[in-house]
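See the structures that follow.
In the two complexes that follow, chain A is the common piece, with chain B as its partner first and chain C second.
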Partner chain A sequence: MAGIQLKGLSKRFGKNVAIHPLDLKIDDGSFMAIVGPSGCGKSTLLNLIAGLETPSGGDIIFDGQSVLNLNPRKRDVAFVFQTYALYPHKTVYENIGFPLSIARVEKNEIDKRILEVAELLGLQNLLSRMPRELSGGQRQRVALGRAIIRQPKVFLLDEPLSNLDAKLRVQTRAELKKLHERLKTTFVYVTHDQTEAMSLADKIAILKDGKLHQSAPPREIYNNPADTFVGGFIGSPGMNFIKAAIDAEGREVAIENMLYPLSQPLEKSGDIIVGLRPEHFSIGEHANEKALAKEAVVVEPLGSETLIQTEISGAQVVIRAPADYNCEAGDPIQVTPLIENANFFHPETGVNIELMD
Partner chain B sequence: MESRFGYLLIIPALLTIAVVAIYPIIDVFILSLYERFLTLGIDEFTGLNNYLKLVNDARFWNALKNTAVFTFFSVSLELILGMAVALFINRPFSLQGLIRAAVLLPWAVPTVVSAKIWAWIFNTDLGILNYALLNFGLIDADLNWLGSTGYAMAAAITVDVWKTTPFAALLLLAGLQVIPDDLYKAASVDGASRWQKFRHITIPHLKPVIMIVLLFRTLDAFRVFDAIYILTGGGPANSTETLSVYAYKILFQTLDFGYGSTIAVSVFAAVMLISIGYISILKRRGGLLS
Partner chain C sequence: MVFYLIGPVIWQLITSLKPNAILTSLPPVLPEKVVFTHYVSVFTERPFARIILNSFIVATSTTVYCLAIGVLSAFAISIFDIKGKALFLGLVLSISMFPPIATVSPLYLLIRALGIRDTYLALIFPYATFALPLSIWVLSSFISEIPKELYKAARVDGCTPLQALWKVLFPLAAPGVFTCAILVFIFAWNEFLYALTFTTTVQSRTIPVAIALFPGLHEVPWGEMAAASIIVTAPLVILVFVFQKRIISGLTAGSVKG
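The block that comes next holds the complex of A and B.
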């Protein structure tokens, strides 16, 4: 097991910067999710940690030791690929045992460990099959098995669930979480799916265009996103951003023609962006002194909840209403922003003002 | 109904094949049962006499041996060198496109031309090979490459290898390019060395392509004619005379159409057997043809 520290790590491909220098600490035994839109550099980051790519600058430290000069094998990491990368000419048994047979582990020992891993993953009956004879979910488990059998210091997983269908993905997600609790090894998990990241990880690192935007536990990221990108990316649907203004003392925020007092004064006045999660609105039919009179533009009854889209300060806003909320597109609604839950962002940089130094 | 229409559609193709391939094959086989000398005006049916003559013809067995030697060495070298070239040009490097095109050049040159070029390279008095070897002090006197029984076959194999290695390289390169990169990454993480990656990933993936290369190249090499005819004409002392060269000489120099056809039929039979062998291996391995 190992804690990982990235120090000023960067990667360029020719003139393209894939990763801007970044610092990241991954605790020993933790489950770190690296999440971001496609092309943000998250897979490159994983390849750098694995030793499959050479960094352009910075250092990678496992348990206090730089591993920059070590090849993937010596770093003692295991990798699970989105494509599973099973050896197509080898049976399940040979695939799982490959890392050991390469390392010239004794035959009996290999046998024993393959059977252990197969039992853990429910692959006992598939050991003599070829990869092409397996379903997506089974292949995925074989790929996991090949990683587990090494008993590595770190598991690196690159979108391991992306090729599974939606139902299987949710099921496998839970199994992965159980597996992590059982193995207690450091997991670094790359995904573009924020739900996966939120549900699995102890800590999430959010990457965009090769820059690290925030690294924090899921709840903290959800409640206090570092900037508008993180707020919008995390959460389904994402955070709403409303143009507003703060008075000179920083005690009141004006949204459209309504004034809302702040529980904690801000050290900022003038233009601001108010970030509110969809659930941070109260919605009703009856007017009150804090409500904005609006019209429902789109109504999406999702069963467990109803999403209502409307417009505030010229921006589209999605509001989460109870499942039984009766409303149709075009109906008038009274919307009250629950300002005590709001985050405030700089109007130009989009950075969270309360988190600014 | 639909299947009957399907047969109807392939009739033109079948007819074409019948006219240009099946008819000549049958005709040659019939010819091989005759004693027919155009010069002497002899033309009589002799049954399997020609085949009896073939079995007892030392020159035939010599030609068969030469053909086998030529085929074995040229195909083996082409496969090994082709693999090396394919692995080399599969790596990303600058001028990649240019180098890949350049590699194909020998394949693009007509055999007659390349054989003539090599004949000059091997030329005893004026050839650049002797010139270079003399200058580097590797030989004391000019060697007669194409005129001595020890060297002529090696020279012929060199020409064939030079010309057709690009073909093998190109097919193998195409095979290399479809191997997913993730497999090599996975193997790196699993701790495989370069050789182990080659052995556990590259070779199993290339097996069907290797079989195709072997099939095409063996058939071609077994029927070799032009390169050898230009280079040595089958000499010296028939040491490079292959079956096709022998058949040609009997057919068009001696004008012994019956016996020449018999040799041609033997080439056809051998090539047929080789094909069946390769294809059955390919099928068993679950290769391209299954």
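The block that comes next holds the complex of A and C.
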């Protein structure tokens, strides 16, 4: 088991910067998810931690010790690849046992541990199969087995669920979570799917274009995104962003022609972006003094909830309404932003303006 | 088409089985009485066994040497990010484009200076020089088709780079290795120009040269030449058929990606 610390870690491929210098702390035994759109440098980051790529700058520290000079075999990490990377010419048994046979563990011991792992993952009946004779979900479990058997300090998982179909993905997600609780080893889990990250991780790091935008527990990221990118990326649907203006004292925000008082004054005046989650609106048919009169543009009844799309200050806004909310596209609606839940962002930089105390 | 390819071989086979008297009669049909005298006399009246051994040693050594160097170079080229990789491959290939005849006299001087004339080394070195570029090309195209994750997986699973090559990449590149081995072997087995120039005696003479030197002052022993040709072609054909099975089984095993 190990805690990991990245200090000013960066990576360039020629002129192309894949990772800008970043600092990140991953606690021992925690489940860290690294999320970001495809191409943002997630795999590169994982490869750097594993020692499969050499950083262009910065340091990687396991339990207080720099591991920069250690090659992958010495770092004692296990890697689960998106493509599983099972050895096609080896049986399931040989695949799972490979890390141990390379480490010259005694044959009996290898046998024993393979059987333990196979039982844990329900692979007992597949041990003599070749990878090509397995389904996607089975291959995925073999890849996990090959990682677990080593009892490594750190598990690195690169989009391990993205090649599974939707149903299996949700099921395996739950199994992964159980596995982490059982092993209590540090997991670093890379995904482009924010739902996966939210449901699995203790802490989420959000990456875009090689830059770290925020690293915090899921709830904090959801409630207080560091910038508009994080707000929009996390949540499904993402946060709504509405252009607004703040008065000179920072005490009142104007959305369209309606004024909303703030409970605490803001450090900024003038143009601002108000960030509101879809559930941070109240919606109804009857007007009240804080409501904006709107028209439903799209209505999506999803069963457990109804999503209603409308438009506020020129921006598209999605509102979460109860499942039984009766409404059709074109119907008039009264929308009240629940401003006490809002985040405020700088109009140019998109950075969250912390509420003043 | 098939006849076009096989015709000369059959003709040769028939010639090798005819008694001397009707050797050149046309059309080339099998005589009523098939004789094996030519096959016997190749070995009894000429040092043909020794010559086959020479060819075998030269071709095998060339193949092993080429594969060893070729696999390592191809591995380095396809796994590590080396700057100027494309340039290197182009350069390597351009070496093999040299017409052999242009290199014969400088090589001759070199070989004489090294004092290895009429030894196996005199053939193995030039052959390897010409066969290596092609080997590197064939092998690196096979190795770079193996998903890079497999190499990475082997590395995190505790392999050194060479272990990863040997335990994971090499078995998966087996079809490429066999293809390459056959190409190099056939090239070395059939090469004529260097073999003629760099060998002088049965010490190291190889098959193509030996057969070319069969004709005596007064007669051309067509029957024996045909018999010798059949004898030396047979192993190649067998080799290809044996390895073909392995190539096909290797291909199906390798085509499954993680």
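The definition used in the following text is that the second predicted complex is superposed on the first by the 354 of 357 C-alpha atoms of A that agree within 3 Å, B and C clash if a C-alpha of one lies under 4 Å from a C-alpha of the other, contacts with A are read in each partner's own complex, and residues count from 1 in each chain.
Convention: a contact is a pair of C-beta atoms (placed from the backbone, for glycine too) under 8 Å apart; a residue touches a chain by one contact, two chains touch by 3 or more.
Fair warning: this is a prediction, and the values are worked out from it, not measured in the lab.
S.K.: When the two structures are overlaid on chain A, which partner does A:S66 contact: first (chain B), second (chain C), both, or neither?
M.R.: Neither chain B nor chain C is touched by A:S66.
S.K.: With the two complexes superposed on chain A, say which partner A:I102 touches: chain B (first), chain C (second), both, or neither.
M.R.: After superposition on chain A, A:I102 lies in contact with both partners, chain B and chain C.
S.K.: Examine A:H89 and indicate which partner it touches, taking first as chain B and second as chain C; both and neither are also allowed.
M.R.: both
S.K.: Once chain A of both complexes is superposed, is A:S236 in touch with chain B (first), chain C (second), both, or neither?
M.R.: The answer is neither, since A:S236 touches no partner chain.
S.K.: Just chain B (first), just chain C (second), both, or neither: which does A:N341 touch?
M.R.: Neither partner.
S.K.: By the touch definition at the top of the document, which applies to A:R132: first (chain B), second (chain C), both, or neither?
M.R.: In the superposed model, A:R132 contacts chain C only, not chain B.
S.K.: Just checking: does A:A50 make contact with chain B only, chain C only, both, or neither of them? Give me first, second, both or neither.
M.R.: It touches chain B and chain C both.
S.K.: Which partner does A:V77 reach: the first (chain B), the second (chain C), both, or neither?
M.R.: Touch partners of A:V77: chain B and chain C.
S.K.: Please tell me which partner, chain B or chain C, touches more residues of chain A.
M.R.: The partner that reaches more residues of chain A in the superposed model: C.
S.K.: With the touch criterion stated at the top, can you tell me which chain A residues are shared between the chain B interface and the chain C interface?
M.R.: Residues common to the chain A contacts of chain C and of chain B are 47, 50-52, 71-73, 77-79, 81, 83, 85, 87-89, 98-99, 102-103, 146, 150, listed in rising order.
S.K.: Quick one: in the complex, what on chain C touches chain A?
M.R.: Interface residues on chain C, with respect to chain A: 147, 149-150, 152-160, 163, 167-168, 171-172, 253-254, 256-258.
S.K.: Note which residues of chain B are touching chain A in the complex, please.
M.R.: 180, 182-183, 185-192, 196, 200-201, 204-205
S.K.: Taking the touch rule as given, give the residues of chain A at its contact with chain C in the complex, in rising order.
M.R.: 47, 50-52, 71-73, 77-79, 81-89, 98-99, 102-103, 130-132, 139, 143, 146, 150
S.K.: Residues of chain A touching chain B in their complex?
M.R.: Interface residues on the chain A side: 47, 50-52, 71-73, 77-79, 81, 83, 85, 87-90, 98-99, 102-103, 146, 150.
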